[in-house]
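Listed next: structures, encoded as structure tokens.
Two complexes come next, and they have one chain in common, chain A, joined by chain B in the first and chain C in the second.
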Partner chain A sequence: MLQVLINGIVLGSVYALIALGLTMVFSIMRVVNFAHGQMYMLGAFVVYYLYGQFQLPFWLALPLAGLALAVVGVLFNRLFFQPVLASAKREENSMLMAVGTALLLENLALTLFGEKQRGVPPVVDGSFIFGDISEGGAILTYPNAMVAALSVTAIAALLLFVQYTRPGRALRAVAQDKEAARLQGVDVKSITTLGFAIGAALAGLAGGLLVTIYGVNSGIGSNISTKAFIMIMIGGAGVTSGAIVGGVLLGFAEAIGYDLLPGSLTYLLIFVAMIVFLVFKPNGLFGKPWG
Partner chain B sequence: MSAIPHLELCAVSLCYDEVRALQNVNIKVPTGDIVALIGANGAGKSSALRAITGLRRVAAGEVRLDGHIINSPSAQEQTHALVRQGVVMVPEGRHVFPHMSIKDNLLMGAYTRRDPARIASDLESVCERFPRLRERFHQHGSSLSGGEQQMVAIGRALMARPRLLLLDEPSLGIAPQVVRQIAQSLVEINRKDGITIVLVEQNSRMAMSLSSYTYVLETGNVALEGPSRELMNNDHIKRLYLGG
Partner chain C sequence: MTILAVLLLLPAVLGDSRYLFSVLMNCMGLSLIALGVWLTFTIGRTNICQAGFALIGGYATAIFLAHYHMNFWLALPLSALVAASAGAVIGSFILKLRGIYFSMLTISLTEAIRLAFLNGGDFTQGSRGITDLPQPFGDSVFGLYYLALALLGFGLLLTWRIHYSRVGRIFRAMRLNEDLAESFGTHVWRYRVIAFSVACGLGGLGGSYFAVFTQSIYPQSFSVEHSIYYMLFCFLGGLEFVSGGIVGAFVLTILFELLSQFQQYQTLIYGGLMIAVILLLPNGLMAMTLRRKEVRA
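Take a look at the complex of A and B:
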């Protein structure tokens, strides 16, 4: 039981980080970034190469993964999303384009990195042991603890940034009322780009963190995106607290499922539960815009 | 008063798709005045404000601020850049940020400024002007009444330290005693702070009693203009806009 709790906390904290990135982009642009999982995958590859192959310190490789993805985010926004959103009269256009960017990244990754599963040497070694494992005790490995701690740190930093800084306020303003934001002197285009960059960077950070536990391959993107969609649908798309709650809930559902059920049954049940949930709560738990 | 009007619309036309919302409109706003734009729904009042703030590019003519063109068919200042030049609008329906505290709403008004000490003192003076806001400083915008939201919207605009304040229907949907309070504060803002005001209103009586000059818009044209005091005694105005 304690083990399930620990696994849930570890998974939930990274998932919340993933969901926050997706919800950030959604709240500001009203676009679902289908490439979020692929951005996660790229972040994982950045850490794989910098830390795993070129042996840079992990503490340097991880921020660089975030930074690299922020750059990808800026380019994607300026080259693909903003032009299409500016000219599109229907939502389908931007949605199809978003799906296209996901395919683009995935195929680029397949071409550049191949399809092999890759891992990195552990950053930290060892584990905390709680009680006697054969009698209901639990184990928390240092890598898992590190991933959870860094995820929580990143989430806290993001929340403080959004809540208490001038650009953070502008992000919230743009998410809540674009025209009113413009009338306060906000350059909506730049702030939108900033939001997209942050969203992409969060995906990159999450990928760079989880590669230390699960490794990476070019195809994991859509799997991560699907999980991210589930999380923001549970919480309510575009809501900070919703993304966090959605991430933690999915993390725990997964931890409990893997403990009690055989293999693939867990996600089958999660999807069924999701459908039932959406019938009763189509806007998620907190159905209001980003705030 | 300088020879060049603070704000000038010269032969401005403005369209939404095929619909012409303004046609050859000329408006002059002298520095330090309150000028009213009145008229029925769809007469083009809000469109005039959108032309001034650059929210919509004009189809013909030009808008000048202190003699410089800020909106013409070939060149248009961005709305956010105009805020830096002191052109600030309180939009119709107030558009308070719903999921932000009053404090953050007001701070958003000071977004273009980089002088934290004076921002803090301006925050204080907005709260002195509208004491209701201090009581609700940490509540979200969506939890306020219409009148309180209007105070936030005006306070937020003042936080930008405007030279030209544009108000779109500040009395709409607000209790009469609050309307009086807001009208009073507009006079103060104009007299004490020396801010030029363009007031768009369906509440013609209030608009004309506050302003020195009034433009009456009808179907996208200036149908009538003159000193507000004179227009208030005009039979046409009395019949159509002042209810008898």
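Take a look at the complex of A and C:
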């Protein structure tokens, strides 16, 4: 039982990081970034190459993964999303662009990196052991502990940034009401770009963290995106607390399911539970009515 | 319409090229499935679970043929019916979600349906799928080709009839403003479920066709990626035109085949071109014909 709890905390903290990035983009642009999972995958590959292949220290490779994805985010936003948002006749068009970028990134990765599953050497070795394993004790390996700790740090840093700094306040203002923010002198265009960049960087960070445990391949993007959708739907799209709660809930559901059920049955049950939940609470736990 | 006429005569010209036939048959099957997605667009829902219902249709056909040795001509409409009823049941719950929530939920639904078939035990034979399905026409390519054409013609006619009837007008009214339509006395819930269930039926029909075309069905036959492509076909063809989904399916599938000479860069160029189309023609390929008319007028 303790083991399930630990697994749940580790998974939940990274999932919350993934969901936060997606919900950030959604709250600011009203766009569901279908490429979120692909950005996660790119972040994982950046760490794989910098840390795994070129032997850079992990503590350097991880922020670089976030930075690289932030650049990708800025480019995508400026080149693809803002023109479409400006000219589209129907709201679905921005979603189309999101899907298009997701396919582009996935194809790019397949061409550049191939289909092989890749892993990196462990950053830290060893494990914490709680109690006697044979009598219900549990293991928390150092890599898992590191991933959880770094995720929580990143989440805390983001929350502080959004809460207490000037650009953070501007972000919240744009999310609340674009017009009102513009009237208050907020440069909406560059703040939107900043939001998209942060969202992308969070995906990159999460990918860079989890590559140390699960490895990476070019095809994991849509899988991660689907998980991220589940999390923000449970919590309510565009709500920060919702993303965190959704991420932690999914992490625990997965940890408990994998403990009790054979492989793919877990996700079947998660999907069914989520659909039933959304029928009764269509806006998620904390979401506002929308759409 | 002209496309259909051309397709009717094409076999005489093409002669005996199996490759070209299979590409065209692929296009027709995909168009049929995409028509269903297009229909859900008309009620203002972005449907990304069409692959799930194609999977239901395909498995229904496979199970009817392999386990019950049913006649193919009975199994085909029955499979569409199974998919349509499944769509009606599921739709009556999930259709109250709107906008992006509906899209995200339907993505999960595609995955859920796939996992359900994966865990179906002996009935669906798990990841091994059901293979060696009998072909209704023996070795002849023409039989299947004309079957696909007939199905596509039926699907187009059905969608056309719905779109330009009173029901179609109600659908459009619901897309523009659901609450307003309801306040005018439209039974919104019922029409939503009708639209969704017809759409799922078309998906099931397409899935059933692909099951006999490839003589097999696996949980992987229709996945989230396929759902997303069906949606893209409609977008790129044009959401304002009944033929939008068909045009999108044909253009994109044929384009993909043409790009095969670039080998490993095939998918990359394909993705890049897609983005270019979205940027340059945000309202779809069919919108080009509209623009030309406007200029002339």
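In this section, the second predicted complex is superposed on the first by the 287 of 291 C-alpha atoms of A that agree within 3 Å, B and C clash if a C-alpha of one lies under 4 Å from a C-alpha of the other, contacts with A are read in each partner's own complex, and residues count from 1 in each chain.
As a working rule, a contact is a pair of C-beta atoms (placed from the backbone, for glycine too) under 8 Å apart; a residue touches a chain by one contact, two chains touch by 3 or more.
Quick caveat, the model's predicted, so the values are computed rather than measured.
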**Asked** Looking at the overlay, does A:107 come into contact with chain B only (first), chain C only (second), both, or neither?
**Response** second
**Asked** First (chain B), second (chain C), both or neither: which does A:183 touch?
**Response** first
**Message:** Let me test your reading of the model: by the given contact rule, A:173 touches which partner, first (chain B), second (chain C), both or neither?
**Reply:** first
**Request:** Please indicate which partner A:99 is in contact with in the superposed arrangement: first for chain B, second for chain C, both, or neither.
**Result:** second
**Request:** With both structures superposed, pick whichever of chain B and chain C touches the larger number of chain A residues.
**Result:** C
**Message:** For A:64 in the superposed arrangement: first (chain B), second (chain C), both or neither?
**Reply:** neither
**Fill in**
Check: chain A residues flagged as touching chain B and also chain C 290-291
**Request:** State the interface residues of chain C toward chain A in the complex, per the touch definition above.
**Result:** 41, 46, 93-94, 96-101, 103-105, 107-109, 111-112, 115-116, 118-119, 224-225, 228, 231-232, 235, 239, 264-265, 267-268, 270-272, 274-275, 278-279, 282-283
**Item:** Interface residues, chain B side, partner chain A - complex
**Value:** 53, 55, 78-80, 83-84, 88-89, 91, 95-100, 104, 107-109, 111-112, 140, 156, 160
**Asked** Inside the complex, what are the residues of chain A that reach chain B?
**Response** 166, 169-170, 172-173, 176-177, 179-188, 288-291
**Complete:** So, in the complex, the side of chain A touching chain C is made of residues 26, 30, 32, 34, 80, 83-84, 87-93, 95-97, 99-101, 103-104, 106-108, 110-111, 222, 226, 229-230, 232-233, 237, 264-265, 267-268, 271-272, 274-275, 278-279, 282-283, 290-291
